[in-house]
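Take a look at the structures below.
You will see two complexes here that share chain A, one where it goes with chain B and one where it goes with chain C.
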Partner chain A sequence: MSTHARPRPAVRRRPRASGLRPALAVALLAGLAACAPAGAEPAAPTTGEPVEGGTIVHAHVQEPPCLWGGWIQQAYLSRQVLDSLVSQDEDGEIVPWLATDWSVSEDQLVWTFTLAEGVEFTDGTPFDAQAVVDNFEFWITEQGNSTVLAYLGTYYESSRAVDPTTFELTLSRPYSSLLPALAQAYFGIQSPTALARGPEANCEEPIGTGPFTVEGWERGSVIRFARNPDYASAPANALHQGPAYVDGIEWRIVPDPVARFGALTTGEAHVVYDVPATQWTAAEQQYEVQQYITPGRPVALGLNTVAGPFTDVRVRKAFAAATDREAAVRSAFLGVVPFEGNGTVSASTPGYNAEVADDHPYDPDTAAALLDEAGWDSTDDEGYRVKDGERLEVRIVYGAGSIITPEGATVLQNLQEQVAEVGFQVTLVPATRDELFSGKFSGPESYDAKPGYWTSPTAGILHITFRQHLEESPNFSNSSFYNDPELEDLIVRANSSLDRAEQDRLYGEAQQILSDEAVSIGLYTQTTSLAVDPRLNDVWLEQSQGEPVYHDAWFER
Partner chain B sequence: MTTQTHAPAARRAPRLVPSLGVVVPATLVGAFVLAAVAPSVLAPGDPTAIDLEAAFLPPSTEHLLGTDQSGRDLWTRVVHGTRHSLLIGLGATGVALAIAAVLGFAAGLGGRLVDRVVGSLIEVSFAFPTMLLALLLVAVRGPSPSTLVLAVGIGSAPGYARMIRGQVLAVRQEAYVEAALALGHRRRDVVVRHVLPNAMRPLVAVVTLGISQSVVWASGLAFLGMGVAPPSPEWGALLEAGRTYVTFAWWLEVMPGLAIVLLAVSVTALGRAAQRRLEGTDR
Partner chain C sequence: MSATAPTTTPVAPPTEALAVDASPANPWGRARLLVALRRVVGRVVAAVLVLLGAATVVFLAQTLLPGDRATLLLNLRSGEAVERTAAELAPINEQYGFDDPLAVQYATYVGGLLRGDLGVSYQRHAPVAEVIGGQLWPTAQLALGALAAAWVLALVSVVVTAGRRSRAVTAAGSGAEALAASVPHYWLGVILLVVLAVNLQWFPVMGGTSPAATVLPVLTLAVPLAGFLGQATRDEFDRVLEQPFVTSARARGMGDTGVRLRHVLRHAVLPAITLSGWALGALLSGAVIVESVFSRPGLGQVLVAAVDARDVPVVAGVVMFVAAVYVVANVLVDLAYTLVDPRRRS
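And then the complex of A and B:
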């Protein structure tokens, strides 16, 4: 039985009678200053003993193409049915889950995990070391999971079942962020028998050892999860061991923010994901509001450094200086989501370089001077800058509704107007999720700037987002197509460093280079927010990237 | 011009002083046309200019219709959006009429085989709701204002085509057409000088009604994200942008909606008045 303290999300509020905006802002700053998602205050003590029964209705913003995979929207779902090897607690410590213990060799290359005994997948397959080997093989050798591949592809050497409860992972180079990476739901272990069914069946119904099983999926409407009555492998930071208290989860897809929040107010839903900024104050008064400031890459504008006007670093810097991003974000999110000036790593990430966040302050005069210098020194009759008869036009392609929330779209519109003052003509191109995922807007010719984020518990995310984009090894996560072998070397060295201070220095240096080159312009932090019916207790957000956890949740009678 | 061969016996002389039911919509339509032609007269500001400190202000004397999430003045946006909406409405109706005239005349004058083919084509296209046809076209061409014009135009063409065909068939039986042919006028001249104007005339009223219908459809498509991208002040785009805030800042949804309703109602009222006059039921 676990005796660990209850987990706390970054900011958690019980309903209050009065507005809490200023208090919240202070709490957020305190959380950020600590450089770790620390609790703003201890969660309210639970009243009474957990009661069994009931079905949680979770109203969600969008439906991913599969119930597991390499996107955070898929991790939210797979977290309900899959367990990972380890979990990350509120202090950033790695705690046991399916792996009860682990050790690493002197040279940091061979990781040995001791696995929990007597655990079974919900299809009856026993959970053992060979099952873990099969998952790693599937993820990396068979390229079955893009995000695992992005994290470990260049580090993975081999994996091996030493005996049924001992799993051995061999890396080609030391990777100090291995454990935090493994805590994310992308690394959830699936039944090898189920994996053998092929991609379609796994997409519809992933099978793990987790607290719930997929009961059914009505596309476009609802995903139903049922309790796993035999569940006995909760992470060490869970509030209880044993099966979930509730009978199941109805994960309803309600993209419209008004309708989604309305589902909570009418009692149709118990939890809503992504509380609209305009409803935040109202939500805090009636519901328990939880917010998790995600570490990793914040929502930032990747500027295309190989085609179009942003190939010139002066134009990139001018664009950054022409935007009052802090005001644009504060206004659009009504102060609910914090501004992030660092375009490569967000404030709640270990290894965050706070100094670079102020590198590109709002300064239209500097912006104008930089554009003059870059040759964009005349204006046409509409007030836009011109060079060699061509207008300074910038196409920003954004995933409307999928990657960028309505508030985020407002931020982009605010920037559009701000930079127009200096002479940039911004064309906003809202792209559907299918257009984005099909790769229509992946190539260097398809946009000048593209906002994106990548949640991650480590600044090692830089290795994913800024590893070079080369012909022989393309890296479309590098949305700026910025190639710098020295920068890549710096990040690789940081990833392998065992000395925490040295590692932070290297990550910090990498962020400084990227900031000096203005390849990615920071906007705001990606956040997970939930508003929870106060009758539903002990819902929590896990700490590697803010996945909602329902295993401990129970309804008050 | 031509003479009406069977003018109703009881037709009264048209009233010299127009009724209130004509004056009010005519004034409104006049205002909308002014807004479309010279928006700066009614709203001198920039429709996309932001003022981050003035976001979500309710309607007041300073901001007649309030402000949106970026502090843009909604009155300025609605006024400047009139041109988009009205042009899309007029353009779509024009496209519809052009297609309908070709189909209708071909069916009406082209002989039995052509009539049957075109007639079936029209009947089949009636089986698809206008909105569905329009959505199909947007899906193929991608969202843009010109797509909206084409989509709504093609979608509403079959209705006009059937009407024109009926009119052509009726007019070609008229005595004055027979007379003109008997006098040895060339067939083409007869069609152009007699059949065309007489077949099209009853459409004036219907087309007026069609303009308001087109504005509503185009706004609907834009609302679905099938038209112009934000932050364009096109009315449907305004509705779509306001949707997110409907419980928080009602004016962002209600005011553009009112503009659409006012334009549609006043144009329709004028169309009805015109219809009554043409049909001789003016009271």
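And then the complex of A and C:
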């Protein structure tokens, strides 16, 4: 490994035309206003000083069953009401939040956090070290949050309140990714009094120390958040301390993309989540568009290395070489979502190895040669490769709608056509959400390839996605069933190193091994996007996984 | 309408006298009361069996599908799609009794139903009755509104255009009905949304359940249904117009509109009444798409989310509710028959 590019910033802000030279901007805005649907007025220039008041209407794509939990759709919501111990800033640095300071023991097993003083949960319960202990116990011992378990389950030993403002976390092994993990909203601290109310109450109204409280939830329609007037625990990377400027948030559930973007153009909503690719250009011209390139595992095709044709590394490489994935992604997403050639870690992740992204360029001749070499050297009358009388068939199972969007499905169809040229017969199997999540397509016999992604602020995600799947310590997240003790050793060493350069080197080597073995074929980055009404300022997406933050947002008068 | 729309008009067998003369003056009163009572009890028992049958089918379908329910719940909570270890699954299996033999699970579930307990949602941790109750009104508004609007549209079209001397008028009416009946909900909904809400801004794009926001969803459901009702009514209308009593009414000097409204329509609506019983149930399934396009809360969304999560108590609860609507709607259809057609009262 030689060079490791700095991660691309995860958030790409596309300010409106007002960033251009004034004369041009005016002309452009005037032109836009003429062709814009009624209601989208050209923005007044920013006045500078934040103004209080107003309610932000956020139009969102789907409604989770509970307002907090281990799913990203729940993290978006719980971020509004819960604070975490630490936050991650735009440079990937960890900054104070509910924990003002922290240190780790020499052996990297005991983490000591100094907590903010005088903070209260919105139900009046004091925030102290015991409250943090109660949350860790709830997440891990009581299995209250399975995503926390996925991160910390194999590392967590115990937690303890040394004194009211000192929290001590003991790990069983060093874990350098601890702080970035804690920055995600899954690790938001809830009031222990509220947790004791039981699952139904917590589902409907999680209670934290955050900038907003849950005011009400009309299922299927809207979740209302009200400002917490006593808020005094914003993270260090917030633009201001103290209560939010706006009175509240109306979080509307608008599943239909036409309606969602329509809500913005008619002025009914101030923010829409997940800008449709077909509206992207229009959105960029009239609104502030923010795109978040999710760090962690990109959307990649995990190839089954223990059953079927992909057990042979030459066939895996042939498949990669037979695909012009960049073109497939560009045409499916109309250029809005970037191609990602690295199949294991996405470009915005600290520790990303940029070199491996070019390891498997589109090269049908190489693909054909590799297949010949692997014994798939004859073709049947339909043009598909054959070996020992068996056709080269590949079953790709994908979570339609749940994991893979309609555009993503188009990418897969493009690939299906491309590889047919070389002689692969691909069958695409769309799996419903309940089939996929109930484990019907989890075993090695159920697919040859399966696309997936995993949002994570660190390349330490490799420990979740490629730790060995062994009988005594199963790892079902290893969807390629690829077991390599040397690889696991590299990842564990990276996870145990506190030296950033050393971490990057080790994570980079791990990515190189996975790329050489063509275990996972990179397709595109998981992205989220917001289009924001120009009159609403200072909306930002936090760094760890793109949760929208409204604490700093304010309306121009 | 949905793909389940019947191609021929089912006509319910006319129910005999529902209005029972039980006055003491009538020497047969007691006996007739008993007969009536028996019939009512019979109907209630049949309805309960229908509901239990619906619940059983859902229960079996959802539990026997490939895959594991505890894995599904755990995965949905964390947003992953992976296999789980026995240790991870144990608490969930214990909580919901997924480890018990299927017969025991079924008996527990049905036992609860018989006590009036629909169970607790796996995903939302709330009682099913609460989950359904909370979304009942928006859906009822939508379904009843659509049914009423469909009737108005269908009757106006038929009364104004059916059996006219001008071929063009008749053709326009029946053509419009055929077109309306074949329009898919999703297409119509998106067109109405884009044109009337997004571009013209006459209606809100996301107004929830406010009256203004209810207009377009109701229209979306009503237009295809109006097509069906109109077609069913028109055939009968044309037939009745040829009947001798129409000629005699005209001979008595009655105006054309009077004849159409007072004599012909009365006979012609019977098939559409029958169709309405079915339509009320079908509207609930159409609601799934319409609710999603117009961002409306309602039972459709509850059902989709519950099926995605194999939240058996909620799925079964919604299905039983829809079955109950069918049962009640059919009773109402029978009653409506006797009101519209006096011959059925004897």
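Please note the rule applied: the second predicted complex is superposed on the first by the 502 of 557 C-alpha atoms of A that agree within 3 Å, B and C clash if a C-alpha of one lies under 4 Å from a C-alpha of the other, contacts with A are read in each partner's own complex, and residues count from 1 in each chain.
The working rule: contacts are C-beta pairs under 8 Å (C-beta built on N, C-alpha and C of every residue); 3 or more make two chains touch, one makes a residue touch a chain.
All values reported here derive from a predicted model rather than from experimental measurement.
Colleague: Going by the touch definition up top, name the partner, chain B or chain C, that contacts more of chain A.
Modeller: Of chain B and chain C, the partner in contact with more residues of chain A is C.
Colleague: Output check: A:T278 vs chain B and chain C. Expected answer is one of first, second, both, neither. What do you get?
Modeller: A:T278 sits against chain B, while chain C stays out of touch.
Colleague: Which partner does A:I253 reach: the first (chain B), the second (chain C), both, or neither?
Modeller: Once the two structures are laid over each other on A, A:I253 reaches chain C alone.
Colleague: Between chain B (first) and chain C (second), which does A:R79 come into contact with in this model arrangement: first, second, both, or neither?
Modeller: So A:R79 meets neither chain B nor chain C here.
Colleague: Of the two partner chains, chain B (first) and chain C (second), which one does A:L428 touch, if any: first, second, both, or neither?
Modeller: first
Colleague: Quick one: is A:G439 in contact with chain B, with chain C, with both, or with neither? Answer first, second, both or neither.
Modeller: Once the two structures are laid over each other on A, A:G439 reaches chain C alone.
Colleague: In the superposed arrangement, does A:G220 touch chain B (first), chain C (second), both or neither?
Modeller: In the superposed model, A:G220 contacts chain C only, not chain B.
Colleague: Identify the overlap between the chain B-contacting and the chain C-contacting residues of chain A.
Modeller: 256, 258, 262
Colleague: Contact residues on chain B for chain A in the complex?
Modeller: 48-50, 52-53, 55-56, 69-71, 225, 229-231, 243-249
Colleague: How about chain C: which of its residues touch chain A in the complex?
Modeller: Its residues touching chain A are 65-69, 71-72, 74-85, 88, 91, 123-126, 134-135, 138, 190, 193-194, 197-199, 201, 204-206, 208-209, 291-298, 301-302, 305, 307-310.
Colleague: Can you tell me which positions in chain A touch chain B when the two form their complex?
Modeller: Those residues of chain A that touch chain B are 256-258, 261-262, 276, 278-279, 324, 327-328, 330-332, 400, 406, 409-410, 413-414, 416-418, 428-430.
Colleague: For the complex, give me every residue of chain A touching chain C.
Modeller: Those residues of chain A that touch chain C are 37-39, 59, 63, 65-66, 69-73, 143, 145-147, 149-150, 198-200, 203-204, 218-222, 252-256, 258-259, 262-263, 265-266, 268-269, 399, 402-403, 432-443, 452, 454, 474, 476-477, 479.
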